[in-house]
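Pasting the structures in now, so scroll down.
Next come two complexes built around subunit A: one with subunit B, the other with subunit C.
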Partner chain A sequence: MKTIANISVSITIAAILLNGCAPKGGAGMVGYDSNVKYGDAKAVETVTADFGSTDLQSTAEALTQSLLESRYIAKAQQPPKVRLRTVNNMTYEHIDTKAITDKIRIKLLKSGAVRFLADTANLNQVNDERELTASATAIKENKAMADSDFIITGNVRSIKKANENVQDVYYNVSLELVNPQSGEIVWADEKEIRKVTAKSSVGW
Partner chain B sequence: MSLTKNSVMSLAISSLLLAFSTGCTQKNINIIGEKRVEITKYKSVQEGNFMKIMAELENTDNDNTEGFVYQIEWYDKNGFIKDTTPWKAITIHKNQKVQVIEMTNIPDIVDYKIIVSVPNK
Partner chain C sequence: MRNSLLKVAFRVTFFSSLLLHASTLTTNQLRSNLSLNNFQTTLASLSSDKSNEGQFWYWLNLARLQQANGDFSTSIQSFDTAYAILDEYENRATVSLRNIGAFIGSSLMSKGSETYYGKGYERTLMHTLNALNYMMLNDFEGAAVEMRRMEQRQEFWLKESEAKLKEASEEKEKARRQGNDTSRIPTSYSLASMLEDEEVRNLVNNYQDPFSYTLSSIIMDISGQGAASGEFGEVSLKRAITLNPDVSKVFVKLPNSPLLKKNKMDVTLIVLAGEAPALKIEKIRFPLFNGANYTSVDLTSYASPINDITTLTVTTDQLKLQPPRLLKTDIMAYKTLKDELPGELAKSVVRATTKAIATKQASDHFGNLGGLVASLLFDVGSTYADSGFRNWEMMPNSGYIAKFEAINNSTVTLKLNNAQESFILPSNKKGTIVLINYLTPDNIRINHVSY
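And now, the complex of A and B:
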């Protein structure tokens, strides 16, 4: 009888000890009680006035909508072949302009209204791959790869102003759809963003 | 007296109809947080393969400019959510209306929901 009681006490103590050592959270969770938390990737972010995720998302969204409405895309007999060219960053801060065009490309590809050719930056890799399977048809195939109906180019600009109370940042992202054969600009649009930061008046 | 009774009956029936119709049309709207902003009208149109919506948002506050965010959820014919816009910030001055227009980037969208999130003061 005494042995059974001893075993029960031992089991209880072991269970308490084990539970005490067990990390918080549950199955599929690591570091549950840390300060790191996942947030909404599409939430409006106003941590600083620099070009941020919200600006990237809203720019891509607005310019994609505009491009899909342009008659050269919307009224095309078949989805035109488009190649992304460089979008120049003419601001004073580092902006990954490829992130903007990549996001637009993903959205346009999902729409099914546009086909994309490999970027000029990736053409070397595509060519390397093609050389591996070089054949008599290579020249014809190369032509197909070079035949873009349109290219997309653009610029990102910013104007910053500040006084002792307010800092104002204006971003302008403009894109163009150009027919590379004729050089004609068939569509252009811009996304404007203004961010105003009120400087704290609390001080010594 | 009977006229008054009839009027009351008509009023009650009208109120019920209005309540039902409002309940049906509100399925496309979800306002989170304090109700300091109203969606006064909204509609959708089909542009080729893509759905386009318009919503008119009103700041009903007489004193304050309202800053809030909104998002559109896009649904397919099975009621599955297929895409969402990013949350977008918008500011409306007191007693003013703003019209927002959004278009989906993916085809085969048949329904939508406008979500407005108003911060607590």
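And now, the complex of A and C:
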């Protein structure tokens, strides 16, 4: 009887000790008890009506596809050299427009249809590009770096309307492919997004 | 006898409210500790005081002091928290239990039962001042976003003001049915004459200011968004001139000279001075019945602005300027008060009548002492609630803008009242923005950014 009791006590102690020593959640997991969970990066996000991850993904997807189908890219003899310029944020939100251009750049590069030149940050005028090319011509080794076949520019705009019950936000993301030598816009497309939030009738 | 009774009552209520709010940095503590020696301690105390972190005004006060201290990024975070509080209020359910509770409380008990969500000019200027934060971080696109938000925010205020007007006429009617005349402002009300000031009467509205629109046009110009934004900058400038024709004096160019052309740069000088009128509830107490009991009409009022400047002169080797005062917070506050006072007065009279009836009943049942206790309880309760009813006290009272051309590397001298400050402009830059915060005569803070 005493032996059974001893065995029971030993098993209990061992179980407690083993439980205490084992990493929580099994091997390779830290913070098992926390509230942090992984979510699907592609899942539709509707936490607020602000410009969010779903908008970023759908915009990049749609505009990249459209750009790749344009004849200046699709029918080019060899992948053209492209430089991504600033996408202007003309909305009511602090949108990181670089996140949009980065995503588009990655998608275009993966397609192999274009070659990208390094960014000339914060210069957003076609004229700047022309000046850059002209000045670089004098320095032979810099010419390859500066001489782009096309530049991509764009704008994000929004219109907000609200009445007592409904708030409507309309986003328009537009991109343009511009020949910096001639200033000609050879391709342009847009992605429109509309989000509507309704107020509850009764609430705290 | 009556006077001494009222004095005792006043002391009881004053000390009670003081005890109940002992842990919070009071309006007076905040306003009187902005000098150079006390500023850092005041900012630290305000940052660590979490007792009011649900209050709109707390975050605005903190954001402003952080901005004056040059902590532009943390100031943006504080402004964002204030926005979140206001956004939550603006997006509440059509029938919100909290709004109903606040309405009942303010109708029966005291004005301070309401939560303060700012007036139109405060909601506009929080975006304007936050735009300055972005500018000082060289983020002109971010500043442009804030200026668009500034415009957008006014829409809700207009709807809210319309609702208030409707509510005011209902309260007026209610007071009339109770036999009270609410068309006249009580003579003992401290701001009675101020509300009739010519400048207050002539203000176009209580939420749009020429300072914000002038700044907006400058931001659009510097950010290069002028054309792409559908000439938003030009429209802003036209609006600013409509609000104050002196805006045309803001922009000064040097004469065209080939010698100067190469060395010229744009200087945008922004001066924010003083602290805005601080909100308070003014109680006009009057005795009831046999004089043993009393009730009070409580009206929204303001303590005068402090530490403001009256003269500003900017001097360079080529120019001497006296930029116009574009931001007049005190005038906007008084204009708002003037617009809202008829409704406030009617509501206040209804409150006073409700309290008087309850006091009378207490007096009838428990004698004079019962009436006095009821009077005191009402007074203490409302004084406590009123002491937490605060506005954006750290908002600058005056704002000046000057945009002028100057020579690279030259000296700019400012005279703000009797204080004189000088700084040297950078070289090889297209332009520079200089933000001057005049908090007190001995605490003037200058920050700049070049582009």
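Basically, the second predicted complex is superposed on the first by the 165 of 204 C-alpha atoms of A that agree within 3 Å, B and C clash if a C-alpha of one lies under 4 Å from a C-alpha of the other, contacts with A are read in each partner's own complex, and residues count from 1 in each chain.
Here is the rule we go by: a residue touches a chain if its C-beta (ideal position, glycine included) is under 8 Å from a C-beta of that chain, and two chains touch if they have at least 3 such contacts.
Note that this is a predicted model, so its numbers are computed, not measured.
Trainee: After the overlay on subunit A, what do you see for subunit B versus subunit C, clash or fit?
Mentor: In the superposition, subunit B and subunit C stay clear of each other.
Trainee: Identify the partner contact of A:N88: answer first if only subunit B is touched, second if only subunit C is, both if each is, neither if none is.
Mentor: After superposition on chain A, A:N88 lies in contact with subunit C alone.
Trainee: May I ask you to decide whether A:N155 touches subunit B, subunit C, both, or neither, giving the answer as first, second, both or neither?
Mentor: Only subunit C; A:N155 stays clear of subunit B.
Trainee: Looking at A:S58 after the superposition, I want to know if it touches subunit B, subunit C, both of them or none. Which is it: first, second, both, neither?
Mentor: Only subunit B is touched by A:S58; subunit C is not.
Trainee: Identify the partner contact of A:Y38: answer first if only subunit B is touched, second if only subunit C is, both if each is, neither if none is.
Mentor: The answer is neither, since A:Y38 touches no partner chain.
Trainee: Counting only touches as set out at the top, which of subunit B and subunit C does A:E69 meet: first, second, both, neither?
Mentor: So A:E69 only meets subunit B here.
Trainee: Enter the shortest inter-chain Cα distance between subunit B and subunit C once the structures share a common frame, rounded to whole Å.
Mentor: So the smallest C-alpha to C-alpha spacing between these two chains is 24 Å.
Trainee: Would you mind listing the overlap between the subunit B footprint and the subunit C footprint on subunit A?
Mentor: Overlap of subunit B and subunit C footprints on subunit A: empty.
Trainee: Taking the complex as given, what residues does subunit B use to touch subunit A?
Mentor: For this pair, the touching residues of subunit B are 47-50, 69, 71, 84-89, 102-103, 105-107.
Trainee: In their shared complex, at which residues does subunit A touch subunit B?
Mentor: 40, 42-44, 46, 54, 57-58, 61, 64-65, 68-69, 74, 107-108, 110-113
Trainee: Spell out the residues on subunit A that touch subunit C in their complex, using ranges where they run on.
Mentor: 88-94, 124-125, 155, 160, 162, 164-165, 167, 197, 199-204
Trainee: Which stretch or stretches of subunit C touch subunit A in the complex?
Mentor: Those residues of subunit C that touch subunit A are 91-98, 141-142, 144-145, 148-149, 152, 155-156, 159, 224-225, 228-229.
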